[in-house]
Amino acid sequence: MLREKLSFALDPEMKASPGLSRTNTAIITLICISVLFGVFETEHTVTDLFAPVFAVAHVFFFVLFSFEYLGRIYAAPVNPRYPSCASYAATFASLLDLLVLVSFLLPLFGLEAALLRMFRAVRLMRLARLGRYSLALQMIGAAISQRRYELGVSMVAAVALMLLSSSALYLAERHAQPEAFGSIPRAMWWSIATLTTVGYGDTVPVTVLGRVAAAFTALTGIGLIALPTGILAGAFSDALRNIRATRD
Amino acid sequence: MLREKLSFALDPEMKASPGLSRTNTAIITLICISVLFGVFETEHTVTDLFAPVFAVAHVFFFVLFSFEYLGRIYAAPVNPRYPSCASYAATFASLLDLLVLVSFLLPLFGLEAALLRMFRAVRLMRLARLGRYSLALQMIGAAISQRRYELGVSMVAAVALMLLSSSALYLAERHAQPEAFGSIPRAMWWSIATLTTVGYGDTVPVTVLGRVAAAFTALTGIGLIALPTGILAGAFSDALRNIRATRD
Amino acid sequence: MLREKLSFALDPEMKASPGLSRTNTAIITLICISVLFGVFETEHTVTDLFAPVFAVAHVFFFVLFSFEYLGRIYAAPVNPRYPSCASYAATFASLLDLLVLVSFLLPLFGLEAALLRMFRAVRLMRLARLGRYSLALQMIGAAISQRRYELGVSMVAAVALMLLSSSALYLAERHAQPEAFGSIPRAMWWSIATLTTVGYGDTVPVTVLGRVAAAFTALTGIGLIALPTGILAGAFSDALRNIRATRD
Amino acid sequence: MLREKLSFALDPEMKASPGLSRTNTAIITLICISVLFGVFETEHTVTDLFAPVFAVAHVFFFVLFSFEYLGRIYAAPVNPRYPSCASYAATFASLLDLLVLVSFLLPLFGLEAALLRMFRAVRLMRLARLGRYSLALQMIGAAISQRRYELGVSMVAAVALMLLSSSALYLAERHAQPEAFGSIPRAMWWSIATLTTVGYGDTVPVTVLGRVAAAFTALTGIGLIALPTGILAGAFSDALRNIRATRD
């Protein structure tokens, strides 16, 4: 009976009603909090002040996720997909959970575990596919996939524009600013910042020719943003209409 | 009779014809002007020059809003929703009006009232819902609410991207620029500036690895803008079509 | 006969076929060139090099636009709208032409005419309404006018956001950076640069609280761009469909 | 027989099934790699480390593209469009291929060939029109061409805005910052960076009047992005609907 109850609580496939179970909602919330702890753990001014809090949280999350891990393995055989506990433990999802657990122990051996800790965020995604956002996710996914070739073409156009503009700036500015525009790969850093309209301003053309080329790059950068936006807007508009048409 | 006239002038629910009454239009205009005064009051180069203007305006707006406050309480019982003056005076809207009035008196006691003065802007919103912009507001609200899950998903994706890119930059740049990228929360400042394509340029990656990661962040930032724009564009297009279909 | 010929060539209302007459196309091209001259006239490194070219161009455009001005007045009575030459000369359009002519003579008296020269660009707009771009202009105008309330609401929201974010940054940063954030109007400069995602980076928050507020401002800035874009996209989509529906 | 086989492999017009032949896919991949080599060849820190790799790649790509060039000429007569090998060799496409080959030999004479090397990217485009992305390319092209007048009007509006804002900033800032805003063409550099929301921050207004004008410029810059995005979004939405309507 415990095994069945655990399975209903932890395995979304075994739950009768749609949506997330209360246990999984709690686990998602706790993973979010543990990711937040992981983020602030890297900031020494915070860890210096709240060292005991981080130490307790570390032990707490390790124990909690260990219980969750064991619980999922124990309850696995209820789902007909997994004939034995071992067959579930060998799945990619379960191995990822194990990796996260191991990442908690690494600091004991003096190793940094910042990267591994990020896998907790990956686990989040696995769980977040469920629940009431899944329809929205599907719709966004469908809209993107329906226009993947158009988006692909605009990505290729972006790369071509980047090559063209960084070559132009390389030719115009290489003598004036050899550090920033002395080669095409160097000029690319400026080119990406301009085409995406980020515009850091750390490297900026100073010659007249370079500025004229930069002006054209900035203007085509608008097109670079307008194109995917327009494609996605059209796709979303049509996707919703199709959903409605099939529902009626 | 005065009470009825006041009620018709001040209470939008008691007005027969749709739209704002002339009295309320005047009050909205005056609130706008008083907000403007509040904004420039913080700039000492302006207050030094026009000190008497500000002093007079202060007294003027205090008297004016006091009369409005008392007028609304006096006229409240005309509206069947409020059995007595006191029951209206106890509503959240009326208490907010009182708070604004109190904020005018605070400087007398040497306290700063900049924050409280901002509540005048909140009062504006309460009144602005009426009038001819209300249909536009409703339509924008409906379009946003209709796609709230899609917008929610793109917001979650934005947070995930921010975590991912700030972790990547933290790993790539923490030794080269410990001040700006020495922890994930520090790298987030750069990450947000890049993903929103604001690009201040106060913190910028300098290593090759960091720049490559930054380039990918900037490119995904375009998607971050394209996604909500596309979702809203589709929603507005469909919302208008629905309005028309029901009208025909 | 000369008067009729001039009228057909210069007055778009008297031309039988749609589109611009060859004379008007030439005049538009010449105005564009004269605007270009006006732009480069302000750059002394250019005028130092090509002083004679600018002097000749100055006389040339003065003579040319004088002839055009006199020609239009002479041909005006052909159009039934203008009973006499004087009635056309008194119209706003004709007075603007006169102003442009006067601007050419100002440098003789040692006055700067840079501003007046800009009116030539205004004259351009008056002529550009004609020709094959007029349908596109009408369609853009119709799409904007059809959604003017929605665009108005998003503009009001932009102003509200600007007030809110500059107040927040004023409170967070006024002690750390009194020069850049010492008052709400000062903080507005940063606020506009951030909300429009321009992000100059000349004034940037340095406190933790200021950066958190700035992060929210930058994120809402995306919405500020997405809202009008979405509204216009929906309007253009519907405008074209309506045009087609009435044509079928 | 060899000639026929070569023609089927190299000439997309002679291939029975749609899509790219395996040979052309391989050539496209190799051109991409050679473009990448061309990009990194300009960065001396890379060429210093991997000098032999670049030397070998240089010879390899020269031999490869020479064989491809000769193969295309040899196989040309199979296509009825080209009566002889010479008639194909005289086409623009073939002359471009020859130019690319010549560019490989230029370094032997001590000449720089960076620019010519870029033509390899142009060749890519010629081949990339084929294959499964061609429908997407056509659709994007159709959507842009269908609304070319609207896009043209918004481009003219962009130029007008740029002139207006750079004139305003020239008038406001020329005395405070003669280097950056001392003439209208100088102010244009700032104007473009602001209207496209790139915002480098290398030239920024410092006077109150200049900042007010800059704020309006930045706000209209949003419209400058929203307009083409909205036009394209509407066009894509309609284009897809038309494609479907004709298919049904």
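Think of it as A, B, C and D in the order they're written, each chain with its own count starting at 1.
The rule is simple: contacts are C-beta pairs under 8 Å (C-beta built on N, C-alpha and C of every residue); 3 or more make two chains touch, one makes a residue touch a chain.
Each chain and its UniProt protein: A, B, C, D = Voltage-gated potassium channel.
These numbers were taken from a predicted model, which means no experiment stands behind them.
A.B. asks: Please identify the chain with the largest separation between its CA centroid and the CA centroid of chain A.
C.D. replies: Between chain A and every other chain, the largest centroid distance is to C.
A.B. asks: So if I superpose chain A on chain D by CA, what angle comes out, to the nearest 5°?
C.D. replies: 90
A.B. asks: Taking all residue numbers at the chain A/chain B interface, are over half used by both copies (same) or under half (different)?
C.D. replies: Interface between chain A and chain B is built from largely different residues.
A.B. asks: Can you give the whole-Å distance between the Cα centres of chain C and chain D?
C.D. replies: Averaging C-alpha atoms per chain gives centres 30 Å apart.
A.B. asks: Roughly how far is chain B from chain D, centre to centre by C-alpha average, rounded to an integer in Å?
C.D. replies: The mean C-alpha positions of chain B and chain D differ by 42 Å.
A.B. asks: Could you list the positions in chain D whose residues touch two or more of the other chains?
C.D. replies: Each of 197-201, 225, 229-231, 233-235, 237 in chain D touches at least two other chains.
A.B. asks: Touching chain D in the complex: which residues of chain A?
C.D. replies: Touch list, chain A to chain D: 149-150, 152-154, 156, 160, 163-164, 167, 170-171, 182-186, 188, 194, 197-201, 204, 211, 214-215, 218-219, 221-223, 225-227, 229-231, 233-235, 237-238.
A.B. asks: In their complex, what parts of chain B are in touch with chain C?
C.D. replies: 35, 38-40, 42-44, 46, 114-115, 118, 121, 125, 128, 132-133, 135-137, 139-140, 143, 158, 188-189, 192-193, 196-202, 224-225, 228-229, 231-237, 239-241
A.B. asks: Can you name the residues of chain B that touch chain D in the complex?
C.D. replies: Interface residues on chain B, with respect to chain D: 197-201, 229-230, 233, 237.
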